[in-house]
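One chain, subunit A, links the two complexes that follow: it is found with subunit B in the first and with subunit C in the second.
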Partner chain A sequence: MSNSKYNYDENSETWPYFAITLVGVLVIPSTVSSISSLFAKETKNTNGAITSTFKPLTFQLIKKFQSKSKASKLFNARNLLLVIGWGILLYLGNYVAHKEIESTAVLFDPFEILGIAASATDKEIKSIYRKLSIKYHPDKLSSSLSEIEKQKAEETFVLINKAYKSLTDATTKENFLKYGHPDGPQAITQGIALPKFLIESQGTVLVLAYVFVIAILLPFIVRYWWNNVKSYTKKGIRTETSTMFVEKILNYKPTTLLTPITILAWISESEEIKEALPKLPQEDIVEIFIAHCSRQMGFLAKEQDKLNAISKVPVLVNGLLDLACHFRNSEIALACIETLRSVASAVPLSGIRKQQLLQLPNVDSKAVEKSSISTLGKLFTLSEEEQKKALGIESSASLKEALDVASSIPLLKVLKAQFVVPGEDGVPPGSIAHISVKVMIKSAKHHGVVTFRTFPEDKFHEEETFETLRDPFKMLKDQPDLPPAFAPYFPTSMKTQWTSLLAIQKDGKLVEQPATTTNLDLSNLKLSPEEFKASLKDKGKDFVIGTIKIPLTQPAPPKEGNYEFRLMIKSNNYFGTDLDLPLVMVVKNPTEKVNEKIYEVPAPSDDSIAGAMAQMRGEPVSTSGDEYFDSEDEEELVEADGLGLDDEDDDWSDIDTDTDDEEDQEDPKEK
Partner chain B sequence: MSSENFTNSTYEDFAEEATEKITKISVYTPLIYVAIILTALITFSKIYRKRYINKLSHTKPFFPPNIQKQVYFELAAQDPKPNDKVLKAALFRWASESIRRTIKLKECEQSITKMYQAGSIGDELFTRYNFAKKFEELEIQNIAKEVEGIKKGWAPSFFPLLQEITFNEALKRRVGAIDSLNADQAKQWGLTKEYLEKLVANRPQMKIDVKRP
Partner chain C sequence: MSSLHLSYQKTNKQVAFDTANKDALPLGISSEDLTEQLVQLNELAQQLISFDGEAPKNAEPTKNISMGVKKCHEAGLSCLKTAKFEEAIKHFSEGIKIATNRNKWESFQLTLFETHLCLMNRADAYLMSGKYPEALQDTDLLIKTMNVNPDNFYRRSIAHLELGFLNEAKVDLERGLAFQPNNEKLKRQLLVVMAKIFQEDGDL
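Our next item is the complex of A and B:
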């Protein structure tokens, strides 16, 4: 056999395997990812999720919309391709399974024919041969056998003879033992795993296919993919939309009031919404959004189209939020989050002071506007009749639905907030810090003030191990995932999330991109008011403290000093659970602990008069100033360590959304 | 032994094939080949550039049209030339608008670059931004020329003055908007007169904490 020619896969022995591998590599991983994306939602954690029997007027429509979008998830082009791929795979598998039997080449193996091991001695071979030849010798066969059986026996006899001869010859036997072949070593044959006709029919078919794939199909696919990549930004909005948003932000005049309606107007100009609601003027689209937020329905467009448009709002708002943060514009960023939750829980955009109550199911917006209360905490201090009146609800069942939701909305209270540099005591200049916020999650029905002092000191202590030094954010993942949010009016399921924005106090500009919190333990919500009280008295025994960490991408300032920030942690879903707190970053070179320090006069503590004087003179006072403690009343303020902050506290009291003074009022019935 | 034979035979095979396959090619063949490739490349680059320039000329401007500029040129083109002061005032208006835009572009330069790097905006916007930046630079040069045309040696004192005008305008806009902004805020928060009066009437009395040291 000449080496200049290759063997072709005429019998289709190898190429089906090649094809199976190729198709399998494409089909199997994409099937896995498809299936996992289909079932991703069902396996979510629902611990602490608000389960309500409440069904909004649009319930049927929303159900229809959801089943439709689920169907489109199942029946799309990608899945069709997958099915075709599996078809090919099955066909090839079947083909290979059947082909195998036909193509098994019979190899001559004398050891197997004689039924002995390769290590058998000449004597053994001889004796076995004798036995077998007696059994199969044509003259000694019994006459009762049929023709076919006789023929088979004769063939076996010939084989036995052949095998015996080859094994008794010294060189042949050696060749067998060494190379597995009577003629000694065999030339290695190389072949092409393709049938001959593909290559030898003047090569035209293969060449044409090759040219088609390389010169036409590949560039086309790359172009298609790249255009797709280019037409969407990293945040999942169209590039045209992001361009439009940038123009809006650039031309936004700070002399006009920015409200969620402005944000909705911007969004309604986006390509995505225009596609969902074609042929509608922009004003009408805004009207649709406003109507959704007012829990009204039934005009201007088909309900399904409207729901489709509304379901697109969060992605668009998040895209806008990202851009606003790049422009460091806190007004737009805050309005974005406000819009997001107004749309999520269908809360009217006009009733700004009553949003906490308006987000509940079954409420009558007119009655809520009229009533004197505006917070969830206050709602739980009222008697049932007063609650009905305040919310405009008539039946007790409806009231229960509303109160169930109200008590399951997780409210956040800050216990401690500070800048942390892993492995350091303070914040050295130029270091990469992160913000660690310890929060208490409580329900509106829980009365009583939980502060830093409620807990024993060591509850806040985070052990610094090698792991935490390497990745300080890993511990966030140990907290359970937040459950889906309660948003009965929103067409798709929504995650519970908090967005953190960090601004500089001096000019109110944002410093970081928004950070989202997706893991928090909501088990405090399950405590009954009595359990809560008991736990409060018992050093917060049953309370779970939540941790929110916000990474900073920029290093701390290179110079020592106090840098003031404003941290806003805003819920994307609910009203009344926001945190807004001042934070001071004390940048200080780490002091080396030497013995001399003992003789130093300690700097006056700043809750003393000397401290206040020193502070006025600009001298150092001993504060752990980069920490913020939640301080509920005057007394605690004096006690708390984070006193460098009193001033800021006052400054920001007008924007503080804390509602504690109302909640702290003892339930009159209890007394 | 057998392997030696084997190699010999293949060598002979190759030698035979090589002598068989020699075909004569014309001298022009490589020349034609090169010519075809070159023309293809040149046509491609020409078409590409034409399209690129065409696309650039159709890019949407970053800012709305500069009306002040149009006003200035219309005034300058009028036949009985308007009063010098009118012309100068118009020039100041045009220039201050241009300066405002330059400042705005400079302000957002960092944000735009960051957004582009983070993939939050598309290529198109980034090119448009760079285009706008170049355009405003040229505009300032144009203005400088225009200024020199009106009065020689005026440019050095023109630009500081211009900056003050621009800042003053911005300040005026902000101050002027305070009242309307106030009204909008009150409306947004539902702060009607009745509500405020009610609030004042229901104001809780200040508690004086005796325990406080």
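Our next item is the complex of A and C:
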């Protein structure tokens, strides 16, 4: 049957609309995401960012690298597809806009032609017809009209006649009213919103195109996508690289010395780096990294290739850090962070203890190694001449650049740190807690000890509302985003971040995955040394207190007792701003809390239904008098609750690992 | 299928690993690791073969070696008391050498405390004579082999402090306090270190 029962969309009435929708659904959202990703960085918060006039020797090269990567952001395959998509969209839109006029003239509706309602009587129809036929009769047209207008009028006249005839015939009119067609009911037609040539084409080209799309292109795209998913881990490193890292961690011996150079050596074995610097032996790649950290340049490989390799280091180190935390290895995790910031600020890997000064611009590493000071804070206590000598800087302008950066590096001082369980006073056994750290952010030029006691007590009080109980981490987002970090030697822009690691104090093993802090208010840095001193004396009135919260995924130990932890909050970017503090988790059954509740909420009185229910359950019931219940009842209640919690302990015991570790640890001591 | 590709040489009664096969090793075993383990195995076999006396029945450590270590240790201690640090270090080092040169089949676990004792006192001698890097090395080894006596953390913190690693010194003391929260010596030292840190930062 070559004559199909479908009406094809020969006049292109509907299929362009489908095509527009289809293309639009694909093109518009991806355009929006493309544009927003292009402008995402520019709109970020820059409050507290270090702005410096300092330009490293590699400045031009880095600029070139950045513009290249920006260009590749603009001119890539995805954007090309987007442009083609928009082209199709515009073409279709244009097509539809011009097609519309022709297609509407096809319908024949006598009522519309005569300009009357379907309910009009025969009399009305007749009078209208007369009026219109006089107006459009070819003999009565004014001679001033053009040829085209005359022709149009004639066409209208024919239509009017046709319409009148169909409406004066009783059966035809009825058919019109009932079925919308002069011949009565019509066969129902199925339309298909595709032009005929697409479906019933004799040519094999289209069939081939179909086969190509469904049998080749689609599986290929799916395979490509799946391979991408498979070959990268969640942290964005290749699976081969991840396997290599796991092997390195498993083979790591605690007695060997682990330095950032070891980490860089591991990184240089990864596929990612090998791809960026092909044909180079591993030792040379490590050499390149070390040279970058020493702020040297100009050998072994093309500068752009080197920058490309260096730009890949943070992702790889973060991947390694994640795995190290997974294997609970604190030595490797700490070395990872050390590597990360050495590469970010280009600080010599050999400069142990002097990194705080070596991270500054314009400094001479030899002079710094020789000088007696090693901290940023001490640097600001010196006279200008002494500062120049300590940093090995000759010109005052260069010294100012260095000091500007030094005073803008946010230093953290801990004010208060504790384990918090929302809605509880302490940490009940088996509960899910988080760590809340209140920090003071200050500049190295601010001298003076800020502690918990500097502030009035209510400054640390956190209101517990329904919102904070539901999501205790929401308040972190109220603090501004951290600005981009000062890393002039690093090829791409970097975020200011702190990474928190939590270890068990006794065995030194990590217990949680690293947590990153991305929101903190740095406005304290703007205070001048005098303002700082004044505020310090005046109960810290101008100081902003920062909050860092670290979620814990494991529940608190099931047994009551003190559990010692070590919390390390390490900067990914700068040296000298870290926090390293001991934290004790006091796990305690909230027995007092139970009593409190009873006092707060009066027991139901015994004549209410609730009271009767409570009595049946053997719970304390208040008599009609004002006394609640006697002390015997209270004790019983506490005991019962204690027992209930003990039962729970058994359920939790196999989840917890902390107690096992302690036992392991005490073994060698006993022997 | 993954195998280790080991071969046994009849002439010298040794097990060897051909490094040409190092890519075929199962995950988690590196060729360096395997080679090291084979060296240990071969050494153990060699010692057992050339052992004169009756074949040892178990891993019990030999008593007279323990006596030797003890003598060295005591001699070292008496030198320490009379402030002869160089000599004390020699005695303790001798003790460590004897303790670690036992027959390979003797239980390391049972004799570890002898080594630890000598190491601790040698660290003391190093600290007293101002050899901080050496002291750091010894205390590091002690802590890494899980000898978590608060005194060892105290020793290491002194070494760290003297070498200028203030933060590490603080962390050592804090870790020591985790094992003995009321240790007055550690608490006092922690205050000293904290004051040093504040001074170093220019805050005091």
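Just so we're on the same page, the second predicted complex is superposed on the first by the 485 of 671 C-alpha atoms of A that agree within 3 Å, B and C clash if a C-alpha of one lies under 4 Å from a C-alpha of the other, contacts with A are read in each partner's own complex, and residues count from 1 in each chain.
Definition applied: a contact is a pair of C-beta atoms (placed from the backbone, for glycine too) under 8 Å apart; a residue touches a chain by one contact, two chains touch by 3 or more.
No experiment lies behind these values; they were computed from the predicted model shown.
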Subunit C versus subunit B on the shared subunit A, clash or fit after superposition: clash
Touching partner for A:256 - first (subunit B), second (subunit C), both, neither: first
Subunit B versus subunit C as contact partner of A:589, first or second or both or neither: neither
First (subunit B), second (subunit C), both or neither touched by A:142: neither
Touched partner set for A:353, first subunit B, second subunit C, both or neither: both
Touched partner set for A:506, first subunit B, second subunit C, both or neither: second
Which superposed partner A:377 touches (first subunit B, second subunit C, both, neither): second
Partner chain in contact with A:242 - subunit B first, subunit C second, else both or neither: first
Contacts of A:327 with subunit B and subunit C, given as first, second, both or neither: first
Overlapping segment of subunit B (options 23-31, 59-67 or 203-211) - the one that collides with subunit C in the superposed model: 59-67
Footprint overlap on subunit A, where subunit B in one structure and subunit C in the other make contact: 243, 246-247, 250-251, 254-255, 353
Contact footprint of subunit C on subunit A as seen in their complex: 243, 246-247, 250-251, 254-255, 353, 374-381, 444, 447-449, 505-508, 562, 564, 566, 578, 580-582, 665, 668-669, 671
Residue ranges of subunit A touching subunit B (in the complex, touch as defined): 2-4, 187, 230-231, 233-235, 239-240, 242-243, 246-247, 250-251, 253-257, 259, 319, 322-323, 326-328, 350-353, 634-635, 638
Subunit C - residues contacting subunit A, complex: 27-28, 30, 32-33, 109-110, 112-113, 141, 144-149, 164-165, 167, 170-171, 174-175, 177-179, 181, 198, 200-204
Complex contact set, residues of subunit B against subunit A: 6, 9-10, 13-14, 62-63, 104, 108, 111-112, 114-115, 118-125, 128, 173-174, 176-177, 180-181, 184-185, 188-190, 209, 211-213
